[in-house]
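The following pair of complexes shares a single chain, subunit A, combined with subunit B in the former and subunit C in the latter.
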Partner chain A sequence: MPLVRMKGITKHFGGIVANKDISVDLIPGEVHALLGENGAGKSTLISILSGMCHPDGGEIHIDGEVARIHSPQDAIARGIGTLYQHFMLWESLTVAENIVLGSEGHAVVLRLQEVVDRINHLSRNYGLNVDPNAYIWQLTVGAQQRVELIRILFHQADIIILDEPTAVLGPQEVGSLGEILKSLAAEGKTILFVTHKLDEVMRFSHQVTVLRDGRNVGTFRTDQVKPEQIAILMVGHQVPSAINTTHPLGPTVLEVSTLSALNARGLPALKQVSFTVRAGEILGVGGVEGNGQEELASIITGLWKSQSGTVTLNGVDITNASPSFIARVMGYIPSDRVGTGLIPRLSLALNTTLRSQARRSGVDRWLLDLKAIRRRAQDLIATYRVHPSDPDLPAHQLSGGNQQRLLIGREVSLDRRLIIAAQPTRGLDIDATYQVHQLFVDLSFKQVAILVVSTDLEELLKICHRILILSRGEIAGTIDPDTTDRTAIGLLLAGQKGDPRAV
Partner chain B sequence: MLFSFEETSDPKPSLSRRLATLLLSLVFALVIGAVFMLSVGVDPPTTYLTMLSGAFGSSYSLSETLVKATPLSFLALAVLLPSAAQFWNVGAEGQYAMGAFAGTGISLFVAPSLPPGLVIPIMLVAAFAMGAVWGVIPALLKTFFKANEILTTLMMNYIAAYWLDYLVYTAWKDPNGFGFPGTAVFPADAWIPQIFGRMHVGFFLVLALAVVIWVVMGRSRFGFELKVMRESLKSAYYSGFPVARNIVIAMVVSGGAAALAGLFEIAGIDHRLQAGFLMKYGFTALIIAWMARLNPLAVIPVAILYAGLSTGADQLQLSMGLPSSIATVLMGIILVVILGSQVLQRYRVTLTVGGKLWTLPS
Partner chain C sequence: MDVAILTSLVAVALSSGTSIILATIGEILTERSGVVNLGLEGMMAIGAVTAFAVVYYTDSLALGLLVSMIAAGLVAAVHGFLCVVAGQNQTLIGIIIVTTGLALAEFLGQRLGPSNSALIGVTTAHFSPVEIPVLSAIPFLGKILFNQDPVVYAMYGVVVLTWFYISKTKYGLHLRAIGENPRAADAMGLRVNRLRFVYTVLGGCLAGLGGAHLSLAFSPGWSNTLVGGRGWIAIALVIFSGWNPVRALFGAILFGGFSILQFHLQILGSAFPPEFLAMLPYLLTIVVLVVVTRWESLSKRVGAPAALGEAYVREK
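Then we have the complex of A and B:
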């Protein structure tokens, strides 16, 4: 007997049909995976269920009766808890304080000690491993996510919805989140989660629904389908899994030597890090997020300052160079997609001009040449298959995956000899991920040097010539994807604690 | 009962929708104003008509309204340009004062030794430069020491105000002025010509400035960079934009524009610097800039409306013996209603009462 029945949910945004007559049933005690290409309508369906937006048609039934969910408060009152991709936590407060603040509006006045006790209780029950007295800034992304989960459980939600929860996690953390979801389901909770990873669907879900172009194209018992079937249903064709990366490498392009830096809190983030990237090489930087990867990318790209050590590009010292200089010499795909890489409220066309000072780009003169800007944007949108393709749309109306295509397309089209890419396929569907991988490999064949920072080790193994594992700001080891065997990689990663910064 | 707000999907409401909301909210404000007048025992139609004719009814009142609207427009533009990059210039008042100071200095001490045709151009340049310096100091403090510009610009207002006091009461006080705090009258070469009543060329200059700023903000690369800086400083750095330089440029123009307003007031209207010169225009300008929704072209009509209310209020006092504070209250009502109406432009508001829904705008 389903607890939640979505019947014929339809939602338009202007001319775009985001959800078309979608019906999905969620059964208590089960994990339901929601899958689909970028822009298929997954986030839209979730925001309808969590009261963030109103459907144009269709009904939601909870426990057999029609539920009118007009606001996030309505959703919470109905026992629906949502874990969004962007956490809503105050960094400078403790876990317990955050949870108290999130409870305002609930008639009860909570005493902090009671909250701490309840958090400890929930944490123990579900194996969440959260210290109520830790400050948010001390926690890894994975731990912050578990805090959000605790908050949801704290409000006694029976229905738990998660939008791409694993996108920000490394392999071990994905595994433990999956176990947590399964144990929550075993307790009788109803769980819906979005992912792009087929192996997660197979490992953690009981049922799976595939969306395509806003429609439900199939709901299955997970143990009765094969991942290949789902992939074909989702993107309409097979997605190749292997990429050929072997070709000769050129001279050194980027050289980082004995680089040390502090993070935003003044704690050591990088310690004596040295490596080189050669022309045509794809170098991976992996490891659990929060071990210096972000700082490394920011320093190379001029957005953060190092304490000591040097960075040279083609033999020229660019240590702590200004961002406006860096913008002219390398492409950079930041992990912070909307907020740094793209500006959500500006049009796609203007977003494509952000880093180009090139001639005839439309921004090289005193006055903007809006026609030239639009024309170039249309080319870029077509080449990188951004959808929807109207250059006048504001960037926030694109789905996450399409935003990333626009961003990557812009940086690649700058035609630089070095590209720094942080989490380049986070949130991309399998086909788009493959496209990005293929694009990077093609560029490396053209002797472009690429530095890829990613928490997704599988991704690095697939495309990189070498992989450095950063742990507590130091290079813990180097992996050669062709020769290093899996057990050695396992040992290297196992040497890392899941929560390096947790107290 | 429950209100819920959903952001409308089009981020830029159409012009007709914006004008319609503006008109509706003006009417709404006038109705609330009428209720207020009734409550203090004044007849709304006569009061409104008196104000209207006092503001725009004769060529004299029209020119007086434009005289008031000129500095307000300059100052509102001075607030608005740096705000495009989220730099809040609360110091227009001080920059205005420093423009007047520079103009006074030139006309009293330098003008006699200049060829007549050069006096006014040099006053313009000096005032602009003085205002630019006054505006750039907070910009530099912000970029080098991360000092909050709201505080620094605000505090520099006090320095400028006391400096003017010192000049009119002591240093530059007219020895033949029978003890009145103020400088001597400027030589005739330093008088900026009046055109229509007391209205002077400054009004046309501010019109031109509004158009230029509108083009710069909407179409130029500089304006685009400011827009990116407003949306996200991180993006601006990432894009390689010269963030500090842009703030400095914006504040040079902003401080300069505010200073020109000060110069036109003394050289076009008063022809001397006297005590009571500062009328808190700098703060009124903040309100005008916001009511104009930071649109440089909209600043002009809003400033004229504001100026009209205040000349109209003078008329209330003269012919009906009413306190001019009635107009202040009316202005406050208009402001709140217009700012409130902006919510309706950005959000779709749904009111739920017992299962029934009302949606605005539908």
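Then we have the complex of A and C:
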């Protein structure tokens, strides 16, 4: 007997149909996966269930009666707890203050000790390890997510919605989140889990509903369906999987030697890190997020200072060189796509000029040659299939995948011999991810050296020649994607020293 | 220096800083909610002139304080309406309120006196120090803290209460939440803009009370230069205190101390021109605060409310 029935949910935004006649039933004690590409309508459907937006048509039934959910508070009152993709947390408040906010009861003076005790109880019961007295700004993204989950449990929600919770997690954290979801379901909670990753659906869910173009294209028992079937339903066509990276490598392009650095909180982020990247090589840097990967990419690109060690590019020392110098010698695809990579309110055309001071880009000594800029932007937009293709549109109006294509297109068109890419496919759907991978491989054939920092190990295994695993700021080991087995990789990720079949 | 002289100097410094502390506490409440109110200087002037005029006509000091809070609160309500409800630029509106508020106070000062003449030079009832038995007998501190006028005593209460309110109560937590992440606060059911409006008005009331302390206690009377930049010092103090009421107290006493010191230097006669000495309290306060915050910010995280100065509009 389903606890939640969504019947014929329809929602338009302007002329665009986000949800068209979607019906989904959620059964207590089960994890229900909602699978779909970006723009398939997953987020809209769950914002309707969590009270963040109102449907144009359709009904939601909870426990057999029609539920009118007009605001997030209505949803909370109905026992619906939502873990949003963008966390609803207050950085300057403690974990306990964040969790109690909105449900303090009648007492005017806060009784935080009671809250702390309840949090400790919940975190022990569910293995959600978190310090109730820590400030949010001190926590990693994974720990912040655990705070959100504890808050949902604290409010005694029976229906738990999670909007792409794994997008910000490393592989190990994904595994433990999956186990937590299963144990919550075993307790009788009703769980709706949104993702665009097929393997998570297969591992963690009892049922799966696939959305495409705002419609429900099929609901299945997970154990009675093959992943390939779902993949084809989700994308609408088949996606090639194998990528060929066999080609001869050239001389060393980037050499990092005994590099050490502190992070923004003044703690050691990198300790004596050394490696090289050769022309035509794709080197992966993996490991659980927050182990020095971001700092490494930032130091190489001049956005963060190292304490000791050197970075050399084609034999030239570029350690702690200025970002404006480094912009002239390498391409950079930052993990923070909108913010560091693109300027959201600027047009696509002007965004394409940001990194190039050269005349041919239309940026003359004083004046912008807007015609030339637009012409060049149109070429770039066509080559990298950015959609919509209007160069005068502000960048924030593009989807994540299209922003990334524009950003990668800009960096690649600079024609540098080295590209640093951080989390290049985070948040992208299967098709867009495949295109980014193919593009990197094509570049490596042209003898461009590429350093890819990613928490997605599958991605690194697919495209890299070698993978370094960073753990607590040190290189825990090197992986050869063709030979290293999964157990050894798991040990490396957990921070076990060793060099399993090192290359 | 003689202990008795030092004691009386610090006591006067505290009295001199009281108007600043009150305005600073008000601004801390407003800014914690996410609104910047640069109009303190104007609101203090309005508070000072209305309080003085009311006491002149009614002889009631309590009524004077009340009216100063209402008048400055009304000016703050204009700021709240334009910035919170209408979402206008808070810096711009704040500056307009300073200039308009000062001009309005000056105008009232010209007209509210006997038979439509000026209030300048008029004398009325005013607050005098009230020695608190027992407590004032505490060596050194007793004479400084407990031989003051009633508004100073009220100020102690305001500082402690505000600290307790912000850090220990449910409503204080809500206040911090709306200034830090209004979207999340909205999702939790807090009425962000209503609360911001309330805290903007409350901030204005405290600035008005600060102004009233100037015209009714610290320097009884009205003149166009009575407030003399204290509103701006209060805004600086909010930032240097890290939005913390107790720390703001010390900054305000510092300013009060420097302004008394320069006054004494003028009387004693000094080689510096008096105009230059008059600058000292402002300069020295800022210098000390910059040094202290630089030195401290490495160990503590003193941050502005994350959504400070941004109007909140719910997404569709």
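As a working rule, the second predicted complex is superposed on the first by the 385 of 503 C-alpha atoms of A that agree within 3 Å, B and C clash if a C-alpha of one lies under 4 Å from a C-alpha of the other, contacts with A are read in each partner's own complex, and residues count from 1 in each chain.
Keep this in mind: a contact is a pair of C-beta atoms (placed from the backbone, for glycine too) under 8 Å apart; a residue touches a chain by one contact, two chains touch by 3 or more.
Note that the structure is predicted; figures quoted are calculated from it, not measured.
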Original post:
In the superposed arrangement, which partner chain does A:Gly14 touch: subunit B (first), subunit C (second), both, or neither?
Top reply: first
Original post:
Between subunit B (first) and subunit C (second), which does A:Trp137 come into contact with in this model arrangement: first, second, both, or neither?
Top reply: second
**OP:** Could you look at A:Leu350 and tell me whether it touches subunit B, subunit C, both or neither (first, second, both, neither)?
**Re:** first
**OP:** Pick one for A:Val217: touches subunit B only (first), subunit C only (second), both, or neither.
**Re:** neither
**OP:** Using the superposition described at the top, determine whether subunit B or subunit C touches more residues of subunit A.
**Re:** B
Original post:
Touching A:Trp90 in the superposition: subunit B (first), subunit C (second), both, neither?
Top reply: second
**OP:** State whether A:Leu101 touches subunit B only (first), subunit C only (second), both chains, or neither.
**Re:** second
Original post:
Of the residues on subunit A, which ones does subunit B touch that subunit C also touches?
Top reply: 53, 71
Subject >> Interface residues, subunit C side, partner subunit A - complex >> reply: 168-171, 173-174, 176-177, 180-181, 183-185, 187-190, 301, 303, 305-306, 316
Subject >> For the subunit A and subunit C complex, residues of the former touching the latter >> reply: 52-53, 71-73, 76, 88-93, 97, 100-102, 104, 107-110, 135, 137
Original post:
Mind pulling up the subunit B residues that touch subunit A in the complex?
Top reply: 2, 4, 6, 9-11, 219-222, 224, 227-228, 231-232, 234-235, 237-242, 350, 352, 355
Subject >> Complex contacts: residues of subunit A adjacent to subunit B >> reply: 13-14, 53-54, 68, 70-71, 301, 303, 322-328, 332, 334, 336, 339-346, 350, 353-355, 357, 363, 365-368, 370, 394, 397
